[in-house]
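One chain, chain A, appears in both complexes that follow, with chain B as partner in the first and chain C in the second.
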Partner chain A sequence: MSAVIEARNLSRWYGNVLGISEITLDIEPGITALLGPNGAGKSTFMKIITGQLKANIGQVRIFGQPVWNNRHIFRRLGFCPESDAFYEELDGLEFLTGLLSLYGYDRKECLDRANRALELVELKDASRRPIRSYSRGMRQRIKIAQTIAHDPEILILDEPLSGLDPLGKRRIIRLIKEFRDAGKTVVVSSHVLPEVEALTSEIILIHNGKILARGDIHFIRELLDSHPHMIRIKSPQYRELARLLAPEEYVLNITFEPEASAVVFETHHRDRFFNRLNELVLDPGLDLEEITSPDDNLQAVFDYLVGR
Partner chain B sequence: MKEEILSVFSFYFFLGRKSGRTRTFFLLSSMAVLMALVIRAYRLAGHWTEDGQVIFQNFLMVFFLQFLIVLLGLFYGSSMVVEELDNRTLPYLTSRPVRRVAIILGKYLAYLSLTTVMLVFAVLLSYLILNLDAEFQAKDLLTVLRYSVILWLGLAAYLSFFSFLGTWLKKPILVGLAFGFGWESVIQYFPGTTQKLSVAHYLKSLLPQYTSSSGKLGFLFIRLEPTRPALAIIILAGIILVFLVLACLFFTYKEYLFED
Partner chain C sequence: MAEVREKGYHHWEGQLQDKGRAFWPITRTGIKLAFQRKRFKFLFALSMMPAITFAVGVYISERLEDFKFMAQGAERTLQVNPGFFRTYLSLDFIFFMILLLMALGGAGLIADDFRHKAIQLYFARPLTRLDYLLGKAGVVMFFVGLLTLVPALILFLLKLLFSGSFKFFLDYPWLPLSIVIYSAFLMIFFTCYVLLASSVSKNRNYVIALIFAVYYFSEIARGIFYVIFRSPYSILLSIPGNLQQVAAAVFQVKPVQAVPWYLSFLVLSVFCLLSIFFLRRKLRGVEVIR
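Up next is the complex of A and B:
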């Protein structure tokens, strides 16, 4: 399959701050996810491929054409920016018809397309309400509606699932998959691994402006599983709990926090740890107040991968 | 290109009509009408004996020419890009199949139309209020039309200049205020050619020199060395054109970044 988006040695700085560095990749039809912690360079990459920013070095081509100031490419592209920004005075329908009119559609066509997009994101009932009265999830959905209303061939979605409730997320994930099934190219960014897993298995790991790895999601999962996890348990019997778990070979380290009545375990096998914990909880007299994972986030995984 | 400009114009004219800023500036423009009503009441009470035409001309100089058109031009023109950056809505525009030149021209025309409505409403109504008792003749209509056209030219010139500032600078308001209410106010009282470095000079050159020797606001014409009307119109048109072209060039080639 031929690449729709081709990036060659893309580098971008903001003054002395590095945005992205020497990114070379081809993106083909289907869903490709950019996965990385905040500030990794995902948004910079997306802004460059949508013509919002220029690369300092390198070039990007979509359908073989340069992107900057190329309105023929913009017609075939839908961009959902990350920021929660709108023309707040407008209602949902006015927002969409206004933006659609910039494609040169007549009034009727704008209305038809806007209504169709509103139906797809399930905002038809709220279409005449001012955007300023929308909830965070509704705002996210109207942003996605403006991305798809002109039926683009490429969708660039910067953190499209942020702020959505689980039901909203499911709807948008289903919609994005429908676009993939229709043969379109979708590039999605996220810093939440489970969101990406629900969308695609084709991921690009990006960190400190560089591509760290590219490939199947299972590869990342394996990396995750071998990553030592921190599990913090708050319990009045935290010392007893530590005594019971200390002999387990997958427990690498134990740290006490007496002032919080808590103990932090480090394990490289989370599933086995939790299975054993479940067994212990069933024992009478062991009372657990809180279980948290201080490093259960993408940043921790990346820190681990880059050997920090 | 024409269709692109028209589509941007329609969108921003519609957006402008719904915006709180338009309501605020419409109210501000209406202050002229309010002041005219107060003066009218004052005259009816016999405290003001000057002719309605003269009062209106003073009004024109102080409120419309030196204040309102500068303010409208400044706030609408300088917001051209900065507003989109501050509100982070710029990607909605720049990811559409519309040339950047068309975005600037469409927005310029939308803002010019909105501010023209405000200006003409205030000029016509305050003129009528102040001259209600006078015998209204066709030449009076021509006079008010002439004033309106001069003010409109000034508005278009200021809007063009401030649009250029808006596409060029990150914080155009401060520079704009200094230019509009500092430079423009001071430089026109300088003798010789220096005064020709202001928009106000060419606007004043198009007005009748009725107050040059007498009247309450005669001081506003002190040292005015008028440019010939035809030349003044050409120069004003040139200012509009040059700064619009510069604004289009800046917006086409400049990269705009959000604050963070």
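Up next is the complex of A and C:
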């Protein structure tokens, strides 16, 4: 499959602050996820490929054409920014028709396309309500509607799942997968690993403005499994719990937090650990108040990958 | 590829409008949003009061005999000549209403886009920064034009209509052009002024305060400098003062102060150029660092 987006040695800095550094990659049709913690450089990369920022060094080409100052490319590209970018006083239909008219469509075509996009994101019933009355999920969907209304071939979605409830997330994930099935190229950014897993297996890990890893998400997961997991359990009987779990071979380390009545375990085998914990919980007299994984987040993944 | 088309692509065979009109949807939306505000409609109606009063004045000037009982001693004031149009177009109340309308309908033009980060929605579309600025400028120009150019031309036509002859036109054939030139100057100046203010902050209220503060502070500064130096050139510090000086030159009447008009024109033009320069810089920096 040939690359739709080609980035070559892209670097961009803001004064002394580095946005991205020497990013070279090809993105093919399908869903590609840009994964990285806040400030990693995802938004900078997205702004460069949507032509809003010029790279200080390097070039990005879409369909073989340079992006910067190339208005023709923007007809084939849809961008969904992370932030709410609305005219609150307008209703959903007016908002979409207004943006569609910037492409030069006549009024009837704008209306047709806006209605079709609203139907796709299941907002047809709310199309005449002012955007200020929309819920978080509806706002996210209207943003996606403006991204797809002109039938772009490439969709750039910046954190499309942030702030959504589980139902809202499922809706958006289904929608994004439909775009993929329709043959579009979708680039999604996120800083939440499980969200990305639900969307695609093709990920690009960005950290400190550089590409840290690229490829199948299962490979990344394997890397994680070879890294000890931390499990923090809060319980009035935290010492007793530690005594019961300490003999297990997969428990590598135990740290007490007496002031919080908690104990932190480190283990290579999370599944075996939790199986044993389930057995223990069935014993009367052992109360667990809270179980958390302090390192089950993207920052921990990156810390591990960069060897911190 | 055939499969892809069946699944979702919608192919349109229509003709896209040429790129020269790319700014128009932005202008249209801006005007529409302004009129959606209830207070704006009321103020807009109120801003038409001077035009109506002047129209009555034009009518009375042609019927002085009939209105002698109430127009005694006001014959000079009711004389319709280039000075009459200069007075209308440089009336303090007109300037005040322009500021007031722009505070409501223009302050958020760019500020709101910055606040909501909507600029990225514009520039992810086939739209240049110039298109964007022209679109926003169109909103201010539209309203300033409705308060200046349109009423002034209507007053001119009313004068011809009420007098029943073309004598007035033959006496001052250049007057329609003066009206157009000065109104266009006002439109350009206030557009630069309002857009500059709107681009300074993301907070619309702050922009509104700035629009009024700079305008009236310039007038206060003029007063202070005049008291200290007793120089007529202090008028160059005042926005309304400079506008009135230019108006006097365009309508060929005696200026407020004995200061060459081109100096006032220069001051306002430099202000406009600096505004454009600043606006372009502001729009270039659409960057978010998180």
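The rule is simple: the second predicted complex is superposed on the first by the 308 of 308 C-alpha atoms of A that agree within 3 Å, B and C clash if a C-alpha of one lies under 4 Å from a C-alpha of the other, contacts with A are read in each partner's own complex, and residues count from 1 in each chain.
Operating definition for what follows: a residue touches a chain if its C-beta (ideal position, glycine included) is under 8 Å from a C-beta of that chain, and two chains touch if they have at least 3 such contacts.
The structure displayed is predicted, hence computed values, not measured ones.
K.L.:
With chain A superposed, do chain B and chain C clash or fit?
P.N.:
In the superposition, chain B runs into chain C.
K.L.:
Does chain B (first) or chain C (second) touch A:101, or do both, or does neither?
P.N.:
After superposing on A, A:101 lies in contact with both chain B and chain C.
K.L.:
Kindly classify A:165 by the partners it touches after superposition: chain B alone (first), chain C alone (second), both, or neither?
P.N.:
A:165: touches no partner chain.
K.L.:
For A:19, using the defined touch cut-off, is the partner it touches chain B, chain C, both, or neither? Pick first, second, both or neither.
P.N.:
After superposition on chain A, A:19 lies in contact with chain C alone.
K.L.:
Tell me the contact category for A:279 with respect to chain B and chain C: first, second, both or neither.
P.N.:
Neither chain B nor chain C is touched by A:279.
K.L.:
On chain A, which partner touches more residues: chain B or chain C?
P.N.:
C
K.L.:
To test your reading of the overlay: chain C has the stretches 7-15, 169-177, 223-231 or 259-267, and exactly one clashes with chain B. Name it.
P.N.:
259-267
K.L.:
Going by the contact definition given at the top, which residues of chain A touch chain B in one complex and chain C in the other?
P.N.:
14, 47, 50-53, 71-72, 74-75, 77, 79, 81, 83, 85-87, 89-90, 98-99, 101-104, 146
K.L.:
In the complex of these two chains, what residues of chain A are touching chain C?
P.N.:
Going through chain A, the ones touching chain C are 14, 17, 19, 38-39, 43-44, 47, 50-53, 71-72, 74-75, 77-79, 81, 83-90, 98-99, 101-106, 109, 113, 116, 146, 151, 156, 178-179, 181-184.
K.L.:
Please name which positions on chain C make contact with chain A in the complex.
P.N.:
The contact residues of chain C facing chain A are 1, 3-4, 7-10, 12, 14, 16-19, 21-22, 24-26, 28-29, 33, 36, 112, 116-128, 286-290.
K.L.:
Any idea which chain A residues touch chain B in the complex?
P.N.:
By the definition above, chain A touches chain B via 14, 47, 50-54, 69, 71-72, 74-75, 77, 79, 81, 83, 85-87, 89-90, 94, 98-99, 101-104, 146.
K.L.:
For a test of understanding, state which residues of chain B touch chain A in their complex under the given definition.
P.N.:
Interface residues on the chain B side: 3-4, 7-8, 10-11, 14-15, 18-20, 87-100, 252, 255, 257-258.
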